[in-house]
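Going in written order, the chains are labelled A, B, C and D, and every chain counts its residues from 1.
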Amino acid sequence: MKRIAYLGLGIMGSRMAANLLKAGYDVTVWNRNPESCKPLVEQGATQAQTPAKAVENAEAIVYCLANDNAVEEVVFGQDGILSNVRSGQIGIDMSTVHPDTSRRQAAAYAEKQVEFLDAPVFGSKNESAAGGLWIVVGGKRDVFEQVKPILEPLSETIHYLGDTGKGTSMKLIGNSIVATQIQALGEAMVLATKAGLNPKDVLDVLHVVDFRSPIFDGMGKMLVERNFTPSFALKHMLKDANLIARFAQDLNSPTPAAAIVRETIKAAVNQGWGEENASALIKALELEAAVTVQ
Amino acid sequence: MKRIAYLGLGIMGSRMAANLLKAGYDVTVWNRNPESCKPLVEQGATQAQTPAKAVENAEAIVYCLANDNAVEEVVFGQDGILSNVRSGQIGIDMSTVHPDTSRRQAAAYAEKQVEFLDAPVFGSKNESAAGGLWIVVGGKRDVFEQVKPILEPLSETIHYLGDTGKGTSMKLIGNSIVATQIQALGEAMVLATKAGLNPKDVLDVLHVVDFRSPIFDGMGKMLVERNFTPSFALKHMLKDANLIARFAQDLNSPTPAAAIVRETIKAAVNQGWGEENASALIKALELEAAVTVQ
Amino acid sequence: MKRIAYLGLGIMGSRMAANLLKAGYDVTVWNRNPESCKPLVEQGATQAQTPAKAVENAEAIVYCLANDNAVEEVVFGQDGILSNVRSGQIGIDMSTVHPDTSRRQAAAYAEKQVEFLDAPVFGSKNESAAGGLWIVVGGKRDVFEQVKPILEPLSETIHYLGDTGKGTSMKLIGNSIVATQIQALGEAMVLATKAGLNPKDVLDVLHVVDFRSPIFDGMGKMLVERNFTPSFALKHMLKDANLIARFAQDLNSPTPAAAIVRETIKAAVNQGWGEENASALIKALELEAAVTVQ
Amino acid sequence: MKRIAYLGLGIMGSRMAANLLKAGYDVTVWNRNPESCKPLVEQGATQAQTPAKAVENAEAIVYCLANDNAVEEVVFGQDGILSNVRSGQIGIDMSTVHPDTSRRQAAAYAEKQVEFLDAPVFGSKNESAAGGLWIVVGGKRDVFEQVKPILEPLSETIHYLGDTGKGTSMKLIGNSIVATQIQALGEAMVLATKAGLNPKDVLDVLHVVDFRSPIFDGMGKMLVERNFTPSFALKHMLKDANLIARFAQDLNSPTPAAAIVRETIKAAVNQGWGEENASALIKALELEAAVTVQ
């Protein structure tokens, strides 16, 4: 398996495609805005005009798109992937979408004898650049084994979790934890500030105790430096929180803390902070507390 | 500084006192139930009949008690510490109590020219046994520097955070994060179970991703093994959640997620799980979801 | 305007259609299960075999269906309303659906020169039987004025609220308040029981004070009598809570209390109480409190 | 029973004392700031310099104070009520305090052979002026029967609920419902505004439906008129929310919605709106939604 079609060259995709090129794959790229293809063409990629064209000679078709709508369009739309696939190919959706979107794709691909994996990733800009993503995979195990070599240059770990939709299920569940952790950090930092603690001291403690998490280090540092440059934008965290809410609704699974966190994210986006980093949700807590962590 | 009075020999205290003995200190112990003094006497401690007697010749007076009421009694009560202290001694309260209780002690000690530090600890049975606690300290910095050698055999890290009450403030804030993390883990594991994921696979993923936390590993393992043997009992987490709520109330600091987590802890204690490990709060989420994580 | 097609004869529909007959309208009825048409035919209705047939000669087409899917099928489906409408007719959707479903219908009807109103109702079995519903209407005002005489025999009040979707928006907003009121009543009654108050005495007080509400009287009485016979089933309240959550999501409107109430409803449905009355959500609170209100 | 000591002449107390005078009672008044006694003296009251003096010749001792601290001082403090009571008198605390404060008073009075009732009131400025309060009473039934004639000129209804603390328990439970209703109204109005509904139309609907409540009428009207003149100040609602949280904590009773509402009240008070009417909590929801209801 040498020939890969890589579709969508955003923050994540451009870095992932570059890593596939570096790993020696023969990569055909497509992006809605063709400008973004340039740097990859310079690194050896072939550029295609449409998703349909891109997948023509590919063995594997890989994409990590912004949301369910983007998948809808690139896969099911006009000149989309499905319009030009053929038996034997493998589709790999690395986007964070609802498990139903994974299952709908699997079914549509299956009608054309094309295999499908949902393989979303944890990690953002830095991890995709470094080939250090954490990939979680759903689909047939033998298909997974077949494409594993493609996933390895992109990732630090790869977990196979079961049939179609198990990858995206795991991703949503994980993102639910992240959001709640950020909220916990935010409530803690706001309370600490009101209590007269030095926020940096609090982060020092959180760095060592037995409930430490890289989230507290990373998001905490950005918070006290008042740096909200996005590596994962708040508006995307809201999108995911909305997906999680629907996913928990489908399974009628009670998630009271996640539900409350979603409301905080809403409030932060309403203040106009959607393009900032996810940690900007903490600014909504600061607003409610009438205090700034610093 | 060689002579220490160590008061209260519960799960934490007995192990901390033993570590002070091992470190070569001359330790006088007292415990409400005198039986618990035996093993420490065998290790070289002197036994006292009352807190007042215990502190008589001590340079430092150390205690890590169950709650504000226990501190009230041992410090302010009949034959309590305050009835027999003298100028030059240093009191070190390592209990998890409300910062007001720290400040009230500091004031009472000060009237007798006794210095005071609030120095609560993160970590539970294993960390206290191993001398691997994470200590957070409030009080005068020079007093802290004086007693640091006593704290070192007990701990992996020691953070000085500012004046009286800053140690206990940090402790409550940290415990608030822990409780929310356990809730996040619980909501995630319940949702994962409903979604047909294997809980052990989920824990494997949570072990590597960039929001990993020792909490997810430790509490997660106990959960899937259905082992709720307490190292930190749920009833103590409820006690702390109640302290946190009051602390946040005093500062009028909004903590919506922590507030909701407290309600879940209440529900779990109402089911009779207060003596089980803190992770038993997840069983309240299982109850609401009518599902068992396994 | 004399000829009405009335589609869907459930708990609400059968009573509403009967009231239209009583008011002298010429009513053609259809129901998925044709058995339910019998009593209405006995009262003078004509029975049709499909929605398409039912609307053939109607001036107004009225329906109050279970949910968005039912509307989808009856309006847009095979032999559905849209397959047989003609210019000059007026469609009146009295179902509780997402405002987008109202707008989608309005657009589809408009293509066939058919007018459309969303006119959902507050009230349940008793109010529909008594012609005492509270109707809230969205759509063109002149169309509303035209059909007002049809709505009058069904209702105690009719409020015109603006263009298409305003009726269903109001309905969802109202139902959100109801659900939160039931939760408030439940939390209060559980707390009162734990405090040793007699629940009936509490209801007596709630009957007179300046925050009294018919909800507290009605739901409260059923609660203390342990009578959960549905007039509005809990599973429908969950359906509505899910609609409200999506509606608030679309507008990114923070609704923290409503979000938490939805989680309680989930828990109650998970216990198997979905077919009981909406007040059965209080049983989820009793479960969490390990107490029974009585 | 003709001679009444009435202590505390705030918004509520001044109106209640006036009604007792009007009813023909012989009233001795005391207020921390003696200025406030003047209008009552003009209406026939006798003025006392201290609580102790005020109660000297009284048969019934009545007070409706701001909070637990005020009760502490007026009852237990220097020159307080307890310093001068005698066998046969009856104390009637109409304040909203924790039931423990009621029980502590009952015990202290009992030591002096003085009877005690907790008899807090629902209603605020207007109701106290009009003698239209809703009184809820705890204590011995025969004592209640004895003082009923005194309560009647103050109230529209009087409910006897059981032994000491049952009145204050009922009061806190009721206030919990009020706060949740205001939150429900706020979430609804904010959502309605975002949905393009006219807030006044929404209030019209809420005025008639089967979950209507005088709260929606009263608070709703003030909201759309942007009138936040206090009849019951937000800071007092926060005080009560804090009492309710402690009361629910004492009984370990889960109150998830009330807990979330308390967080909203905190946020509103943090914005500086504590002196405005309780309905100003809705402004915190507006802030989170970045919208104004009007």
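What we mean here is this: contacts are C-beta pairs under 8 Å (C-beta built on N, C-alpha and C of every residue); 3 or more make two chains touch, one makes a residue touch a chain.
A quick map from chain label to UniProt name: A, B, C, D = NAD(P)-dependent oxidoreductase.
Not measured: the values here are computed from a predicted model.
> Indicate the lowest number of steps between subunit A and subunit D, counting one step per move to a touching chain.
The fewest touching-chain steps linking subunit A to subunit D number 1.
> Hey, how far apart are subunit A and subunit C in touch steps, shortest way?
The fewest touching-chain steps linking subunit A to subunit C number 1.
> Cα centroid separation between subunit B and subunit C, in whole Å?
Those two chain centres are 52 Å apart.
> As a quick test, compute the distance in whole Å between the mean CA positions of subunit B and subunit D.
Their C-alpha centroids are separated by 39 Å.
> When the centre of a chain is set as the mean of its C-alpha atoms, what distance in Å lies between subunit C and subunit D?
Using C-alpha averages as centres, the distance is 38 Å.
> Which subunit B residues touch at least two other chains?
As it turns out, subunit B has residues touching two or more other chains at 252-256, 260, 263, 266-267, 270, 288-289, 291.
> Specify the contact topology among the chains shown, as one of line, ring, star, complete or other.
Topology of the interface graph: complete, with all chain pairs in contact.
> Sort out for me which residues of subunit A touch subunit C in the complex.
238, 242, 245-246, 249, 252-256, 259-260, 262-263, 266-267, 269-270
> Quick check on the complex: what are the subunit D residues that touch subunit A?
Residues of subunit D touching subunit A: 256, 260, 263, 266-267, 270-272, 284, 287-291.
> So in the complex, which bits of subunit B are touching subunit A?
Its residues touching subunit A are 99, 122-123, 127, 134, 136, 156-157, 159, 161-162, 166, 169-170, 173-174, 176-178, 180-181, 183-185, 187-188, 190-192, 194-198, 201-202, 204-206, 208-216, 218, 247-248, 251-258, 260-261, 263-264, 285, 288-289, 291.
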